[in-house]
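Note that the chains are named A, B, C, D, E and F in the order they appear, and that numbering of residues resets to 1 at the start of each chain.
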Amino acid sequence: MKIAVLVNEGPYQHQASDSAYQFVKATLESGHEVSRVFFYHDGVNNGTRLTTPPQDDRHVQKRWTELAAEKDLDLVLCVAACQRRGLVDEGEMERNKKDANNIADGFRISGLGQLIEAGIVADRLVTFGD
Amino acid sequence: MKIAVLVNEGPYQHQASDSAYQFVKATLESGHEVSRVFFYHDGVNNGTRLTTPPQDDRHVQKRWTELAAEKDLDLVLCVAACQRRGLVDEGEMERNKKDANNIADGFRISGLGQLIEAGIVADRLVTFGD
Amino acid sequence: MEEEYAGDVVKRFLYVNRRMPHGTVYALESLETVLIGAAFDQDVTMLFIDDGVYQIKKDQQPESLEFKNFSKTYRALEMYDVEKLFVEQESLSERGLSKDDLLVDVEIISREAVVDLMEKQDVVLSF
Amino acid sequence: MEEEYAGDVVKRFLYVNRRMPHGTVYALESLETVLIGAAFDQDVTMLFIDDGVYQIKKDQQPESLEFKNFSKTYRALEMYDVEKLFVEQESLSERGLSKDDLLVDVEIISREAVVDLMEKQDVVLSF
Amino acid sequence: MATLNIVNKSPFEKLSLEQCLNRAAAGSSLLLTEDAVNAAVSGTAFAARLSEAAKSLTLYVLQPDLAARGFNDATLLSEFTTVDYPGFVKLVTEHERVHSWL
Amino acid sequence: MATLNIVNKSPFEKLSLEQCLNRAAAGSSLLLTEDAVNAAVSGTAFAARLSEAAKSLTLYVLQPDLAARGFNDATLLSEFTTVDYPGFVKLVTEHERVHSWL
């Protein structure tokens, strides 16, 4: 079955991203497909490569990046939400005249249409939020 | 009177930072002193210079930066919270071996002790959160 | 960057709005999703229950907080072919509100009808 | 960067813990504040009410979520001279909990005493 | 002067208002802000609860938050006094401590 | 199969559980996750409400979230079935749609 996932909160402050990660891992291990993980609202903050969590704690961004590489996951950050929160890739850096970018490997920035498309294409959409 | 302010949530997702800003402005206009604004939890996300909110909306970070310049405000981001969320200045960039920084003018990163000190020194501490 | 979906599947999308506007961004970013989603020619329904009914209350003046006033956009939904807007009667009553307090033309339905409506959907988005 | 406060003011600080652990970071980051604050030699009290009582429940195994287990740190508070820990009886009762369910030695007080305790503070921190 | 209690969430969404009212000392004050301002409006399921609370507490509501959500003075419970941001600051200075019930 | 409803907040903090129960169709399911798992524990003020709900809904609770908060199977209401993450996935596939009551 094709399953899409929506993550609405950033790392650490809320459990949403952790729950989504555990759910995605279990989905893949159960032999299903995760067609997309869409990060909306503060969820886009999962995609910064600039975090340095305590060494004895999990590294939320790295876990996503590694899982994406291993399982060829599509991790999409909503562009409008990124602009409100300060998530920037090369393209956004140029477009909005910023002097730095902070996106992590394995994530891409795209439009909200990708969420709708995920809802159409997937058999189920599961939301994790606050 | 000396008033300290604590902001626990990031920009746009919650009203906390907006409410704190309006409160700080009114405090200064009333002739009181704002001894410190401490940003904790997701509140540290107010201090990134990489946001590009819609043109017809308020610019939360710029408002803080401008008010700080104008009124010599002390805007402090908690270092531990910054590390969990990816808020980085030059020093943190070097210390944590990051390839970019994203802190905005007018903000500085420091320890949680600055919150306690604010509570000791100020006559009142007012918290804005979720 | 944005590849428009060009398939011919039509799914029933329900947007459930349960939160107050302005205190959090969810109402605004939910509305933005509906507007973008309109381009996909799906079978869209918007439902306002619990504190979500405040999203379409008349006379909102978020300019008092330096917020932009997106409440008028609900009136423009018709132009996007989003025409099925439902509000739960019980949610209005608990809050002392009636149809006259709402800024857009909606159909007011009972809680029982809300239950039925939810069970007819393919995708439920509730932020 | 961190200038230690070196004055001789002693204020009564109350940390009010009202949220469950693990679902949000507030319990952990509140505890971190208490630990850092201990260096300032203030008159510190920790109060657990509402869902905050779950923060000091025994047998927490957040390792099941790949979270670090900070619940044991509450037991170390004594070493930081944070010795006044209060729990509201009514909050425990509503949740079917009793003193035996708690992992640290606390004083259980009535809601009435909670009201009094709050009114005696100089600074109230509730995350 | 006693505590200034602040609540910022709708009582239809969170229990923080009720939890505050259960612990607010007689003689203290309550200020409703942000998404809590609907509790100051007449005709809601919480109106009686707030009128009851007014017997021991002084009740305030933040006017700009009311206006943002489409409420005006005419729709308020009579027990509430509206304040603007300067009024909020004044309340903070006039009370001994501020307790935000998050 | 009908809807899989998901609630993730404590009923002592937010009203989302009650608001979900008021609209969950007979024959649908409810999964408690994250900070909502305490509602599956026996002896709380919400136990009777959940036992009542079990007459028309199938009730599940996420085991790793229970364990994180110090609860084990012995303390649960008998109407609840625990699931792990693979079980959560199975519930998602077995229901027609998922509704997260945020």
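Here, a residue touches a chain if its C-beta (ideal position, glycine included) is under 8 Å from a C-beta of that chain, and two chains touch if they have at least 3 such contacts.
Predicted model only: the values in this text are computed from it and were never measured.
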| item | value |
| --- | --- |
| Chain labels contacting chain B and also chain E | C, D |
| Chain F against chain E, contact positions shared by both copies (same if over half, else different) | same |
| Centroid-based (C-alpha) most distant chain relative to chain E | A |
| Selected interface, D-E versus A-D, where C-beta contact pairs are more numerous | D-E |
| Furthest chain, CA centroid comparison against chain F | B |
| Between chain F and chain B, distance of the C-alpha-averaged centres to the nearest whole Å | 38 |
| Centre-of-Cα separation between chain F and chain C, whole angstrom | 26 |
| Chain centre separation (chain A, chain F; CA means) in Å | 26 |
| Shared-contact residues (touching 2 or more other chains) in chain A | 8, 12-13, 15, 22, 41, 54, 80, 84, 125, 127, 129-130 |
| Multi-chain contact sites of chain C, meaning residues that touch two or more partners | 22-26, 50, 65, 67, 123-124, 126-127 |
| Of all residues in chain F, the ones touching two or more other chains | 8, 12-13, 15, 34-35, 64, 97-98, 100, 102 |
| Every chain pair meeting the contact rule | A-B, A-C, A-D, A-F, B-C, B-D, B-E, C-E, C-F, D-E, D-F, E-F |
| Contact set on chain D toward chain A in their complex | 22-25, 65-68 |
| Touch list for chain E against partner chain C, complex | 8-10, 12-13, 34-35, 38, 41-45, 47, 63-65, 67-72 |
| Chain B-touching residues of chain D, taken from the complex the two chains share | 1-2, 4-5, 7, 9, 11, 13, 25-26, 29, 32-33, 36-37, 39-40, 42, 123-127 |
| Contact footprint of chain B on chain E as seen in their complex | 6, 8, 33-35, 64, 84-86, 88-90, 92-93, 95, 97-98, 100, 102 |
| Residue ranges of chain B in contact with chain D within the complex | 6, 8, 40-41, 79-81, 84, 91, 109-117, 119-121, 125, 127, 129 |
